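Below you will find the structure I want to go over with you.
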Amino acid sequence: MRKLTMAEALREALIEEMTRDPRVILIGEDLRAGVPFGVTKGLAEQFGEDRVLDTPISEAAIIGASLGAAITGLRPVADMHFADFVTCAMDEVVNQIAKVRYMFGGQVDVPLVLRMPTGSVKGAAAHHSQSLEAWFTHTPGLRVVFPSTPADAKGLLKTCIRGLDPVLFFEHKRLYKMAGEVPEEETLIPLGTADVKRGGSDVTVVATGWMVHQALEAADRLGQEGLQVEVVDPRCLAPFDKATVFESVRKTNRVVIAEEAAKTGAFGAQIAAWLAEELFDHLDAPIQRVAAKDVPMPFSPPMEEFVLPDAEDIVAAVRRIL
Amino acid sequence: MRKLTMAEALREALIEEMTRDPRVILIGEDLRAGVPFGVTKGLAEQFGEDRVLDTPISEAAIIGASLGAAITGLRPVADMHFADFVTCAMDEVVNQIAKVRYMFGGQVDVPLVLRMPTGSVKGAAAHHSQSLEAWFTHTPGLRVVFPSTPADAKGLLKTCIRGLDPVLFFEHKRLYKMAGEVPEEETLIPLGTADVKRGGSDVTVVATGWMVHQALEAADRLGQEGLQVEVVDPRCLAPFDKATVFESVRKTNRVVIAEEAAKTGAFGAQIAAWLAEELFDHLDAPIQRVAAKDVPMPFSPPMEEFVLPDAEDIVAAVRRIL
Amino acid sequence: MGPAEKHVELLRTMIRIRTFEERVRDLFAAGQLPGFVHLSIGQEAVAAGACLALRPEDYVLSTHRGHGHMVAKGADTRRMMAELYAKRTGSCKGKGGSMHIADASVGVLGANGVVAGGLSVAAGVGLSIRQRRSGQVCLCFFGDGAANRGPFHESLNLAAIWKLPVIFLCENNGWASSTPHRYASAIRDIADRGAGYGLRGVRVDGMDALEVYAAVSRAADAARAGGGPALIEAKVVRWQGHYEGDPQGYRDKAEITEGRARDPIARLRAKLLAEKILGPEQVAEIERAALAEMEAAVAFAESSPLPAPAEALEDLFFERR
Amino acid sequence: MGPAEKHVELLRTMIRIRTFEERVRDLFAAGQLPGFVHLSIGQEAVAAGACLALRPEDYVLSTHRGHGHMVAKGADTRRMMAELYAKRTGSCKGKGGSMHIADASVGVLGANGVVAGGLSVAAGVGLSIRQRRSGQVCLCFFGDGAANRGPFHESLNLAAIWKLPVIFLCENNGWASSTPHRYASAIRDIADRGAGYGLRGVRVDGMDALEVYAAVSRAADAARAGGGPALIEAKVVRWQGHYEGDPQGYRDKAEITEGRARDPIARLRAKLLAEKILGPEQVAEIERAALAEMEAAVAFAESSPLPAPAEALEDLFFERR
């Protein structure tokens, strides 16, 4: 199958959906130039500046405007530039976008996708490295999607753009340049479906985003010792595919949860809580969590590497329970 | 001992600390009138309008300004009016207040307290009822305090005002009018110390804020059946007193975690995750969680009551594991 | 409608709003309504004048003080009253209440519990109008207090650079809860902030429905013609407390009594009587009709069922799962 | 300092900034520095002119393009360079990097990774100055792009109603990353937004250090005298890309070359030479000294140790636990 980077796969999804539906518009900072990750480069030339809207640095207005457009007939795909800046539009996301449909008793649909470039890139430091997805899984009314491969990114983004509910779509910055097979034929991936990235019977590693690849690397290493590690990628944090995760843990009875966010209060804690509440009798060992240390992201590489979790940490966590 | 409402206890703490330290100032909306919860009423007359600053409706500027004041010699106690509006100053809280000390390598101290009136009051609906503390326990660099009694509120607020680290101080709206004993003599409660509100040996209920009182009511009811329920109030979510909670669970081997926030991704999930990771062998039953249903707060009382957790839910959770 | 009919329509709308809200005031005082309510009694001329200048297909973004905006834009007062009663038959099925009341069927995209929460949404509605070439306009109400929040700034700039058909209408009643506008804002006239966005801010007497109507009509025509957004400031008086039950210790009695001496309804009524556009009997008939309408609204609300508790789980998403 | 000395000081500061940043540009291109850097080459006159008008005890809030502000306010270039090298000896112990560089010992309360993140903080610094009656002022740098964010609006209004000693200084280089100011802002001159806060906005040629110095001096005197905040807009040219490595496909070559033809350093140098305030030899000496200083800075940085990984757990709180 042909290979695309995640950035190319996302662009393809945008092109296909913009071609298919004239109501789809893009709105955000530096979209026409495709700064900083290149996903939207060239789309203004292709679809016109009416549908690829560069904006001032006005996050609150951009995101609030996306809501206004969404409830009156458009299907905006907004771009947060860096997920860190969602803090500048937090009221619009949490108090408006997530709640209007409910507060108004279902009078409006909110077909809105907010793309969130997330996670660390070398030396980006405290304001350009955060993994904030947990906040939004704790905000009723939002869908939270977090793909780890080009194919998943494309298939999920297309589904989100066609949907009628607001989505925070997390894209890990380190994955934009990572290539993977992407089917030529149209593929829509339903929300709330986890994907088993690697089968195994000894231990389950539930990982998200960049950590999926760290988990696969860890699985390779442990595999050389004859350990069968199953790697499950939820792909979608809300709605969350408990069935697939539970099925895996029922089989392995051991689980490691790996994510890049600061450990305390991260989404992995909720996964652990579900297992401890609903699958307790199938757990043969403590639930291991691998995540970033609880500090802002430091600039200096040695400290940054120390703070970030990696394959080595996953290997160690698996060893603790096997 | 004399009794005070939580609002009176908080006012006393403010008066004592403002008297003791001229650097302490109050900043927020409608503070002079003491709207809406009365805590700051009369303080402008007592300490002057220079130290009790009413502001425009400019949450970002108010909270950002509190930071600027804190790192240059004042000790601001800012008021969020309703915790729900922290969304309007999220960048200032998360990217500035929580991170400056760290990003700058410890060059500045941040003696700042942000008071957060939180939780539901009858019919307040989606924008005035939220319990958002979990977000901030997931934000390295912040202290998160959540007292459930007038005495704890006073003792903790005094400690926070004297400290040199930023604190989000949650005050449950339904507790302002609740009276409780408060010592006359000066009492400072250290952060990170949980309090066992009621001893028991059969099951541990870890509860926060308003739910502490629901837990005590549940304990009474179950007590009539001879069940010994221990109720632990962390009082401080960050830093979190694992030792006291773990000690209780080591004794009871059964735990229910009760909070008012929407269940998915709430702080209780992190408590459950700690137990499942670090105290697994002492758990004899699934970790039960009692929390609000995952929807925005509806306006209509029958729906609101249905969404909110209460003593009955705690009783049911205890029965599930005994 | 000819001018005379329009004036009569303005009077009728103001009387309907006043009657609705006086009913709400009394019902709330009697403990019949949960939550809290903010009333616009005294400010009716803004809602009535502005909405008469709109077409049915136009949009409105409202505020926490939004009953008048709903009535003026044509919302069903029965479903409105039922919403305040927290009944299943309410505009929002009892999920919103006074602070989140909305009726998309008449273009009201919602009151807002967050001050200035509607301005950026309005800009986006304007964007969608432009993209769809639908010829609609979006009217966004907000208060003097809201004009000090960041979204005011970002939204006006965005609407201005894109020339969006949005009318930003500030109801300056001089107060943001207990905080006086003269204290909270560095300048007296919010209209003067328009210059920061290349807009000529317009100032009108918000106690004069005709002035409001004229100003919003001009702005709507310009917006439909592609002239871009407008900023209009209507100076009004807040007759009531910030919320019902507000002791208003912060406000001196004289200001309240003087304020109440200015009544947009009495003013227009006198004018129409003087100009013989209406006779006393016709005015009385309008008042009777409004009373009857609100009686019916209350009866409808009271006889409506409360939502079943589990209905709280509905309406969160379009896709069930 | 007499006028002549001040002019020489301005030139020296600009040359030091330029020399520091050209070094950084080359080191970054050579892959010596992690993360990303935004350079202010071409904009040196603003940092130099503004900071010369300040006292050592005054405060500065900087931006993501903040090296010049640091140098001009007196920060140690050795520790600055070490910070960019991510070394333990850096201004922020390697935790901040270029985008979060700060030196509280000279009053620089930090660059900021969030556009407009510093404005509200500056208002609070002004508040604390007022409460402490310390006679200081706070200078807040920000860009044209930042002027479209809500905190600009809220912070200027707050500083204005409280008459805080804060100087809001906009470096308008015509670009916010790839977005032109003329597209993103509804008005050309950001200074004109001052009127919305009762401030007389001041426009200066940001390529002329003397003009900037004069304007900020006046604003600082007024602020110290209790006259409240100021809004100054300095028009400048961004010589480099938005960040180092920016291909600038969005910007036409002519604009860049024309822009680079305008050089604040050459301009002042020529003036001082023409007025015989300095001779060529003295200018060369200043340049040599700057080169030597930055050589020493690089040597210091390169010879400094990287932080130990576990140092990442320090400096989060004052209270250990």
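Note that the chains are named A, B, C and D in the order they appear, and that numbering of residues resets to 1 at the start of each chain.
Just so it is clear, contacts are C-beta pairs under 8 Å (C-beta built on N, C-alpha and C of every residue); 3 or more make two chains touch, one makes a residue touch a chain.
Just so you know, these numbers come straight off a predicted model, no measurement behind them.
Enquirer: For chain A and chain C, which third chains touch each of them?
Expert: B, D
Enquirer: So which chain is the furthest away from chain B, centre to centre on CA atoms?
Expert: Using the mean of the C-alpha atoms as each chain's centre, the farthest one from chain B is D.
Enquirer: Between chain B and chain D, what is the gap in Å from one C-alpha centre to the other?
Expert: Spacing between the chain centres: roughly 40 Å.
Enquirer: Report, in whole Å, the distance between the mean C-alpha point of chain B and the mean C-alpha point of chain C.
Expert: Chain centroid spacing, chain B to chain C, equals 36 Å.
Enquirer: How many angstrom lie between the centres of chain C and chain D, each centre taken as the mean Cα position?
Expert: 46
Enquirer: Could you please state the distance in Å, as a whole number, between where the Cα atoms of chain A are centred and where those of chain B are centred?
Expert: 30
Enquirer: Please list all residues of chain B that touch 2 or more other chains.
Expert: Answer for chain B, listing residues that touch two or more other chains: 55-56, 58-60, 84-85, 87-88, 91, 95, 102-103, 125-127, 140-141, 295-296, 298.
Enquirer: Going through chain D residue by residue, note those that touch at least 2 other chains and give them in order.
Expert: 92, 94-96, 100, 112-114, 148-151, 154, 157, 161, 183-185, 316
Enquirer: When you draw the chains as points and link the ones that touch, which shape shows up: line, ring, star, complete, or other?
Expert: complete
Enquirer: Using the touch definition from the top, list the residues of chain C that touch chain B in their complex.
Expert: That would be residues 34-36, 83, 86-88, 90, 92, 94-97, 99-100, 112-116, 145-146, 148-150, 176-179, 183-185, 242, 246, 249-250, 306-313, 316 of chain C.
Enquirer: Given the complex with chain B, which residues does chain D contribute to the contact?
Expert: Residues in contact with chain B: 59, 90-96, 100, 102-105, 109-110, 112-114, 117, 119-129, 131-132, 138, 150-151, 154-155, 157-158, 161-162, 314-319, 321.
Enquirer: What residues on chain B touch chain A, complex-wise?
Expert: 84-85, 87-88, 90-91, 93-95, 98-99, 102-103, 125-127, 134-135, 137-141, 238, 261-262, 264-270, 272-273, 275-278, 280-281, 283, 285-289, 294-296, 298
Enquirer: Flag every residue of chain D that touches chain C in the complex, lowest number first.
Expert: Result: residues 148-154, 156-157, 160-161, 183-187, 192-193, 195-199 of chain D touch chain C.
Enquirer: Report the residues of chain A in contact with chain C in the complex, numbered from low to high.
Expert: Result: residues 25, 50-51, 53, 55-56, 58-74, 76, 91-92, 95-96, 100-109, 140-141, 143, 163-165, 191-192, 239 of chain A touch chain C.
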